[in-house]
Amino acid sequence: MRMGILTGGGDCPGLNAVIRAATKTLLSKGVEVWGFKDGYRGIYLRDCQLLDRAAVSGLLHRGGTILGSNNRDNPFRFPVRAASGEIEYRDISAILVESMNSLQLQCLIAIGGDGTLSIANELCSRGAAIVGVPKTIDNDLAATDQTFGFVTAVHTATEALDKLHTTAESHHRVMILEVMGRYAGWIALWCGMAGGADVILIPEIPWQIDRVVEKIRGRQLEGKLFSIIVVAEGTPAPGGKRVVREQIANSGDPLRLGGIGEVVRELVEQETGMESRVTVLGHIQRGGSPLTTDRILATRFGVAAAELAMEGRYGYMVALKGTQITAVPLKDATKPSNVHPDGQLVHAARAVGISFGD
Amino acid sequence: MRMGILTGGGDCPGLNAVIRAATKTLLSKGVEVWGFKDGYRGIYLRDCQLLDRAAVSGLLHRGGTILGSNNRDNPFRFPVRAASGEIEYRDISAILVESMNSLQLQCLIAIGGDGTLSIANELCSRGAAIVGVPKTIDNDLAATDQTFGFVTAVHTATEALDKLHTTAESHHRVMILEVMGRYAGWIALWCGMAGGADVILIPEIPWQIDRVVEKIRGRQLEGKLFSIIVVAEGTPAPGGKRVVREQIANSGDPLRLGGIGEVVRELVEQETGMESRVTVLGHIQRGGSPLTTDRILATRFGVAAAELAMEGRYGYMVALKGTQITAVPLKDATKPSNVHPDGQLVHAARAVGISFGD
Amino acid sequence: MRMGILTGGGDCPGLNAVIRAATKTLLSKGVEVWGFKDGYRGIYLRDCQLLDRAAVSGLLHRGGTILGSNNRDNPFRFPVRAASGEIEYRDISAILVESMNSLQLQCLIAIGGDGTLSIANELCSRGAAIVGVPKTIDNDLAATDQTFGFVTAVHTATEALDKLHTTAESHHRVMILEVMGRYAGWIALWCGMAGGADVILIPEIPWQIDRVVEKIRGRQLEGKLFSIIVVAEGTPAPGGKRVVREQIANSGDPLRLGGIGEVVRELVEQETGMESRVTVLGHIQRGGSPLTTDRILATRFGVAAAELAMEGRYGYMVALKGTQITAVPLKDATKPSNVHPDGQLVHAARAVGISFGD
Amino acid sequence: MRMGILTGGGDCPGLNAVIRAATKTLLSKGVEVWGFKDGYRGIYLRDCQLLDRAAVSGLLHRGGTILGSNNRDNPFRFPVRAASGEIEYRDISAILVESMNSLQLQCLIAIGGDGTLSIANELCSRGAAIVGVPKTIDNDLAATDQTFGFVTAVHTATEALDKLHTTAESHHRVMILEVMGRYAGWIALWCGMAGGADVILIPEIPWQIDRVVEKIRGRQLEGKLFSIIVVAEGTPAPGGKRVVREQIANSGDPLRLGGIGEVVRELVEQETGMESRVTVLGHIQRGGSPLTTDRILATRFGVAAAELAMEGRYGYMVALKGTQITAVPLKDATKPSNVHPDGQLVHAARAVGISFGD
């Protein structure tokens, strides 16, 4: 029996640990395992490598993905160079399903975010045999209690906060940390709680600069001449406008690339007169060796996905519910999980004095 | 209104974070908060300090407990110097209940392990108003899905494994890491899975040296001339005999202090002829700053305990169930949680090739 | 006898360790020690605190400075609000010298960068008794082989490189890390060597985009589809123009704040067509607990400065030469130390294949 | 031209970085490079691998040595199985020199401690062409200001001290950390200074339990109810007797393996009545990824050794003097460097209140 594995979307600590666990599980059952390169593109181009024990040895603690990834290709609108030399966008989904058949893949394990898994779901409906492993560093999938890589990203952001604290305190400044989170504030909320932030601004809770200033002023009255603000990159500015750093960066002016962090800084300086600085963590949050708990979650996901594949439960993906791994339909992968503004975590954060600017 | 807080049992990363969160929550509701020193002894001696905002500032990331702890005193058998000069053991529980009343403590928050919480439960039955926060670095309480400090301890052990790997590989040795876990193998299981151990020996699964040797030999056939074994301190030797390091250490001979780690080493060297070394992590596992996720769990426990106290739900303790904090009766605190030999975690570990020596 | 301590300039890991070591040394000799707040401003405003054993307990591993700092005030041009309500700039140096006398300070220990130490030197020539401790995270002082905090900053940058590696490799990108270094490339050179960078761009070595592209292309021919570039913030663009991030940030447009990192990215994308991303570490490099070696260097500097002060060697500062601490005249503090383009370190970097773009 | 590389002695963070740097430097000059396995044994058995760019890629941050090591074989007394089946010890040095010639090795780079380098020196006097790279985690070579791996080991020990601090403080205990250092106390001194130890016991300074107790009592008077002691494994007991853990461990009784740490504990408990605990770091100090500064020192050593080899300066080894790499005769490798009891470092440690028990 032969099966395939691929990784799609942005990289995330733990991808290699999933590949290793799934491969080891399949090999021990006598399955031949192939890794496809750079997401679905690898199936289209038949660009793949045999995954034997040696190939997955030493992967447990290694960040990134040895299979490469691709966070732009969409097989339903795939860029192909036409005879005319122009780039055309074609639906190559039938070719993919056909490829999997002719390669005699009993099943494909697709590890990726909502993009990769939505495609997997669609391909299943067209006859492909795929099981999924959810991956999102933002932790914003409703179908699973947690995703691997999230804790590692939060840890990196918390370490940055620990460092900003000493600068803020020494110079009596307002330090702002902009972290990942396009639509959901999970990273901002967790790292803010773990790193002792004074204000956390997230997409799910509309905020006003007045309330932020109130918090900073309140601290000054207690003799604390500095404050720490964490803001998720997708948090709208007070008027509701989103300021997406990457879009601005792509505007053509290399010096123009502020994001919500800079908007917050500008407002804070205007309203308080205090010196303020922004730090944008960016890609550092995605990199590095997965922390202990992410290694374990990734291993469990990999083993469970291999078992779903062997049981023929195509169209399902693995998920964490409480302390147990379960299987849920791939189509549930796209339901977003947002921070609930009145949920337990936000409530606990408020109880220890954190302001959400509302 | 006035309330008290104390910490009991062995120290654990996150104790200070619980103290901070509970205190901040209570202060924001106008409650006066007192911290009692060194467990129940502090109430007996009325040795306490006022916990205001300044007292709990900066505690989030600090290991240990500012209140001190005591893992031997039992108020039902408390050592008191009698008039004769001899030490006598007395039941001081009535004095404690009386003290709490005369100090006008509306409620006491007791943070501790099964010892501390069993005492709390017994004191409640004699009229005291106590809510509990469970603490065990071994993670072996059935009443809660996880305890704070556990992930930090596992992380320390995993880092040690990462380091032993390079030595094992360079010198073709069998390296043995003895970790905490008197009755339950949670730390050994987690760190072994995260650190790529080849063999994990835990109290819940009887093991034989032959199966361990088989695994080591199998690796040699694959060209891997080294192996890594993790063993929980409470794992019985093959004949079923427990070898408790601290008891041996207290035998009076300072040079006599082996534990199960050394027993495993002796057997491995005898049976394989390979050079083997033991590392005993010991107290390092209890120390240091809590990791991100333990800071958050500790904060949530502290907030929830303060709220139980204000709601008058005496005799209850906080617990984690899935992603939510709940309240469970204190009497459930003593039910142990052991690693299930056929549970999902052990199953996943076996799937990636880990041997349990059975 | 009474002495004072102050810290000036940007914060740096190890400042507190210097304060602790100097204070402990002085206290053991019976000297009364006062800490002045926010640099020379503290002497002007007589804003100070007594430093006893309790005040410096626990400071060894704590980042930042408990005395606060100020990296803008210049006593020779100090902002003072005149009777008219306007801000006027006055020379308050005579007031400072007079203050030190009337406070009966036998000597002042000034810990700071070339600004702080130049002022100290000038005040000495006007009768003040000051000894110095050099501080610059950029490591760019000729008078000392190394400064405390530098290794910690390099370590933070190296960890970031380790993380960017996995992203670069997974997505076949060119990742650019912009690190501190206004005039000297020490941080860039060290972190680039330790973190396995492919290209290092520093102020001391003029570079051309063609040579950078050549390196990236050479790697592609070897099958390495990603590259890592480290650039010091003060590195001029190819035409020789400096692009200082903070000046652009202060231009009034919050979204305009690129630096040399973005210029390099733009050029790389244009010339290679490869996807490229910039990460700007910023203030994170200054923060956090000092690493082991910085704690030791800071301790040695603090002890030596206290001894210079007691020996009456005013006008001198401590310095590291080889393995020994020595004293050098304060006026030598301003001589810069740049990376030598043909020195041993650059030579070693080139030997292992690193390109400097020249 | 063809050259060889081998590693000998106990493993040490940075060995792989030396191998990588030397290989890259040689390859860029067109030299063919072979790595010999497990020290001199690899030359005897002609057990080797070609080191090309791919073989050394990714080694910079990897602990241990890919070439394997052997810290017992001595070519002047090498264990060989005779025709009779008995193990005999023979001088195989002539065979080694002959092997290097017939393998057409222009030069061999030997990376190792005083054992490996003394052998190299002796082989050179018998006609072999060898250059050396000094390696000792104990930092106890007079010929070089510092050795790679030392800072990483100190860092691991300092982190352990940071963790023991919180336990000591919470439980009012005396915590003892036993670190490496057979004949020299460098690791103990550095980690003790960086980790805030109260007492440091090293082989170079005879100590008395009375002075240790005095320090502990002095702290109690200041309200500090805990103390931290660091002791180097080779420190003699008060009577002058050495208690070497490994020799005791090899006595045949698996439960008998105390060392100087336990002796100190016994004495402290007897004399103070305080609870005391020992932690033995052991092999963890040797393992793991080298820290930033060790990666750089190892890289510089590797480059310089390759250049010595190409310049034909056989019989020399690389060394650090101040900020520069130099070459010194191999015969100087065995001169020990001990901590000077009145040197600057010990003086600084005393100034901040650390007791050496003398």
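Per-chain residue numbering starts at 1, and chain names A, B, C and D are given in the order in which the chains are listed.
The definition used in the following text is that a residue touches a chain if its C-beta (ideal position, glycine included) is under 8 Å from a C-beta of that chain, and two chains touch if they have at least 3 such contacts.
Here the structure is a predicted model, which is why all the values come from computation and not from measurement.
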Neighbouring chains shared between subunit A and subunit B, ordered by label: none
Distance between the centres, which are taken as Cα means, of subunit D and subunit B, whole angstrom: 34
Chain centre separation in whole Å, for subunit C relative to subunit B (CA means): 42
For subunit C paired with subunit D, centre-to-centre distance based on mean C-alpha positions, whole Å: 32
Residues of subunit D touching at least two other chains: 162
Contacting chain pairs - touch in the sense defined above: A-B, A-C, B-D, C-D
Subunit C contact footprint on subunit D (complex, rising order): 20-21, 24-25, 28, 53, 60-61, 145, 151, 154-155, 158, 162, 190-191, 193-194, 196, 222, 291-293, 295-296, 299-300, 302-304, 306-307, 321-325, 344-345, 347-348, 351-353
Residues of subunit A touching subunit C in the complex: 7, 10-11, 13, 15, 38, 62-65, 68-71, 156, 159-160, 162-167, 169-172, 175, 243, 248-249, 253-258, 262-263, 265-266, 277-280, 282-284, 286-288
